[in-house]
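What follows is subunit A paired twice: with subunit B in the first complex and subunit C in the second.
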Partner chain A sequence: MQASRARLFKEYKEVQREKVADPDIQLACDDTNIFKWTALIKGPSETPFEGGVFQLVFSVPEQYPLQPPQVRFLTKIFHPNVHFKTGEICLDILKNAWSPAWTLQSVCRAIIALMAHPEPDSPLNCDSGNLLRSGDNRGYQSMARMYTRLAASPKKGNFGNEQAVILLMNLANPGDDGYRCSGLDLEVGI
Partner chain B sequence: MCFLFQKSYTVLKEEDILHRQEDDVTRVSTVLSISRVAASILLRHYNWSISKVHDAWFADEDAVRKSVGLLDKQVVQLSNARELTCGICFDTFPCDKIISAACGHPFCNTCWSGYISTTINDGPGCLMLRCPDPSCQASVGQDMINLLAPGGDKDKYSRYLLRSYIEDNRKTKWCPAPGCEYAIDFAAGSGSFDVSCLCSHNFCWNCVEEAHRPVDCGTVTKWILKNSAESENMNWILANSKPCPKCKRPIEKNQGCMHMTCTPPCKFEFCWLCLGAWSDHGERTGGFYACNRYEAAKQEGAYDESERRREMAKNSLERYTHYYERWASNQSSRQKALADLHQMQTVHLEKLSDIHCTPESQLKFITEAWLQIVECRRVLKWTYAYGFYLHEHEQAKRQFFEYLQGEAESGLERLHQCAEKELQQFIAADGPSKEFDEFRTKLAGLTSVTKNYFENLVRALENGLADVDSHGACSKTTSSKNAVVGKGKGSKGKGGKTGGSSKNGDD
Partner chain C sequence: MQNQEGQLAADGETEVTCGIEDWANFGGGGDGDIMQQQSSVPFVGDKEPLSALAAEYQSGSPILLQKIEMLGDKYVAIRRTRGDGNCFFRSFMFSYLEHILEKQDRVEVDRIKANVEECRKTLQSLGYVDFTFEDFFALFLEQLDDVLQGNETSISHEELLNRSREQSVSDYVVMFFRFVTSGEIRKRSEFFEPFVFGLTNTTVEQFCKSAVEPMGEESDHVHITALSDALGVPIRVVYLDRSSCDAGGVSVNHHDFVPVPGNLPSATGAGSESIDPFITLLYRPGHYDILYPK
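Let's turn to the complex of A and B:
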């Protein structure tokens, strides 16, 4: 308990110093509980998540850093390795490949890397994984981008339902390369 | 007949295992000129196969070093700083409080100890322990474990290492008996899979179920699966004790053999399996012991054959129950016999020796009889699984099988009865009696006859009752009196005695 608290406090101080260093990650500790953290991460460029800001919540166990923290997306995201409803993340370093030398900051970096390089072969979101596995990259990109705009856009409040429907209709319109909209989940976000 | 086949396996005690493991580590360490710790990591990585280690190492040492994590040189440059930052707790420590694996990544004592302890408590994966730095592959060997792990965890690690030596090696397996800590080293390519551990547990090397000759591993698996699938039915059926066929009081079986005697005043003697009067069983009354036969086959002429089969198809559960119950009865009889054997060896033999003024060494025939009973119960048990899977349409085989099984059962009952009941009077006797010598001759004779008979039975079943095809058609009615004894003396004439089933009508 004491060791994990000390370590987290060190990370906290490090975060305060590094804030400028990594503009893609904003880690913040809960005001009252050092075992609860949140992070805002920017969607990596040249991915469908570009332009989005995603919120992560950390729940750090008392055995930290010998045990990994629990992390999930609070922001809805369409990604093969993130559970669509709960935001749970399937990432080896958060499970059996955890090493105590990882930090919350490096976990965020690993998650950003996962966003750019999905692993469709061990999907937590099967619709998303199937799009990629069937080679429908455009379908995957469109869906992911749509949810980025719907849920992770910084100006979320301005984004009305009407526009969302128009966006959806545009997305669902088959392109000349035979785009399919099989995985479209119409009840979400509209 | 002689059974002089070579034992194709060795039973290893813990010290033997450790000894072998040490030897292997030493060999690899000497041949490759690496430390013993490194040799142990290598062997573990290649499932303790020395030849695989050698092959891989001499093919491409660098690749092996890389994949196993045996670094040649440090990846972290040693700084001249007097203080270093631990990569886990981020505190700074003087250099002498910092420890590194071969790679040089610095971590403090406390963090190492926590890291190692966590991994060890996560399971045998700790045998593949690497440096905590995520980018680093350097392996962490037993020397560091011993230096840094808390006491209890060190022992756990050693256990895992020992277990790994047996479990990851294709040629060794643990004895599956509960509480047994011996392992078996089995030489491939020998005929029989039967292994007898020093703890006296007999098991099949191939499927690790208990020894099951004459039934093959596939049948055993099917049977066990079936039992677990049907077990709720069976439990319900078997949990209910059987009522005495005469006075209807519920009876729980607590003796080894199938010959039951109801408590006074009833005192009815009956067979536990079929609940028929015992006087109808055995040759004493000239009757035929046919209790192994499914259905009331004794009611001669009541059903014709096809009707009986229809009935059986309709009652497939009943059919299964029949076999399962007999399988389970023999199983518990065997357990009971084992307990009795133990009781005999620890208590009764000494008593007998005193009463009859005979050295215990001359009472070996009693132990031998009980060992034979235990073995026979095992074989007999599995013949019921065999019978269950014997094809319905192979009528000749089926008849022959049931005949053999019936004979086996009655032979064994006689032996069991003699060793259990008849021995009682000598244990209770006040002094030596000359009947004891007769008893000795009888029991030793029964033991040897039963042994022969069961050996023949096992062989006959193992070759799929091949005799039947040539002899099965000419079903002759032969007297079954003394047949058990006669049969034991040789395997000839088995086919000729196929007429068991029609026998019943004649008696």
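Let's turn to the complex of A and C:
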């Protein structure tokens, strides 16, 4: 517990210094709990996520850094290795390939790399994985781009209804710590 | 042992398919399947007479029984470690610290501290961020100081055993060795490349990231060579398996990992027989324990 706290504090200080260095990642620690973090990451260019800003939530275990942080997307994303409803991420370094050499910051970088290089053979989102596996790259790109504009675009002018739905969902599930679209099947409304 | 190996492999496979049920279990603060499956065995066991080893194979292979009997000529006892993929590092940790505690070899402590400093510089030059490894280094150096008697923080043999069984110390020291091993392999990547490639078909960097640095990843001769070289500590590994010579004679093989002076990439393991390793490990396919010479 003490060890993880000390380590997280070092990461906190490092993040303050690195803020300028990496404009694609904004990592922030909860004001009252150093085991809770959030990050905003920019969708990598030349991918269907370009132009989007995606929010991640980190829950850091007491055995950190011997154990990996739990990370998931709060922002809806259409990607083979991200669960469409829960935002869970399938990435080896968050599981068996974790080591203390990673940091919250470098995990964000790894997630950005995963966005650019999906692994359709171990999918959490089978629809997305199947599009890529069947060679329908265009279909994948267009779905992914649509959700980027729908859920991850800073200005949602074109999707007024969608925004309203999300707002409603947040009101309906105030206790739900962050599933912006939990229980809502977005496909239905489109 | 065979059984455990099978389980390890199976567990490894399930982790690749990131099912959602994984996620549900994830928050439980568990150590993961690999760590948990053996939690009944302590990280480091009690010293047991060699007969305890023979008892394991009572109805097993006659070759193994014959070999264990031969081990009795040179060795008296065994100390088991948990088969959680960290057994080599854990055996090395306990064996080394126990040696220092018993011999009070301050010259050796000074020597290894200099090597540890070198390892720190190696990691820095490879681009590792200080705060990612410094806690692990500090904890190992603390254990080194504590096994030397005469300080306020000096510890007994019993306390060393307690600490080796406590995750907050034991796993941190194991992780320290993993950092040191990884740094050494990457620093001398040209030397290690063919061995790594023969073992896993990957690049040195990928190997270090996936097979050295993560906890629970089993060690191979590449890890042992690198750790022995980096810390300058010779290690003897005695092999206990079913192999036998055609010539009819059963013999127990061992291999000495002798650190190369100055890390010259020429003669690892070969060379001077004059150094008698004070660390002896017993290798059975898939697992390392500590062996005590007479």
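Operating definition for what follows: the second predicted complex is superposed on the first by the 157 of 190 C-alpha atoms of A that agree within 3 Å, B and C clash if a C-alpha of one lies under 4 Å from a C-alpha of the other, contacts with A are read in each partner's own complex, and residues count from 1 in each chain.
Definition applied: contacts are C-beta pairs under 8 Å (C-beta built on N, C-alpha and C of every residue); 3 or more make two chains touch, one makes a residue touch a chain.
Being a predicted model, the structure only gives us computed values, none of them experimental.
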Quick one: subunit B and subunit C on subunit A, clash or fit?
clash
Touching partner for A:Leu124 - first (subunit B), second (subunit C), both, neither:
second
Identify the partner contact of A:Gln70: answer first if only subunit B is touched, second if only subunit C is, both if each is, neither if none is.
second
With both complexes overlaid on chain A, does A:Pro100 touch subunit B (first), subunit C (second), both or neither?
both
Have a look and say if subunit B or subunit C is in touch with more residues of subunit A.
C
Between subunit B (first) and subunit C (second), which does A:Glu50 come into contact with in this model arrangement: first, second, both, or neither?
neither
Just to be sure I read the superposition right, which of the two partners does A:Thr86 touch: subunit B = first, subunit C = second, or both, or neither?
second
Which partner does A:Glu62 reach: the first (subunit B), the second (subunit C), both, or neither?
second
Superposition clash, subunit C versus subunit B, among 6-14, 24-32, 150-158 or 222-230
222-230
Mind sorting out which residues of subunit A both subunit B and subunit C touch, each in its own complex?
3, 6-7, 10-11, 14, 63, 65-67, 97, 99-102
Quick one: in the complex, what on subunit B touches subunit A?
87-91, 105, 110-111, 114-115, 118, 132-134
Report the residues of subunit A in contact with subunit B in the complex, numbered from low to high.
3, 6-7, 10-11, 14, 63, 65-67, 93, 97, 99-102, 106
For the complex, give me every residue of subunit C touching subunit A.
12, 15-18, 20, 22-23, 26-27, 29, 31-32, 34, 128-129, 131-133, 135-136, 167-168, 171-172, 175, 178-179, 182, 209-210, 213-216
In their complex, what parts of subunit A are in touch with subunit C?
3, 6-7, 10-11, 14, 59, 61-63, 65-67, 70, 81, 83, 86, 88, 90, 92, 95-103, 122, 124
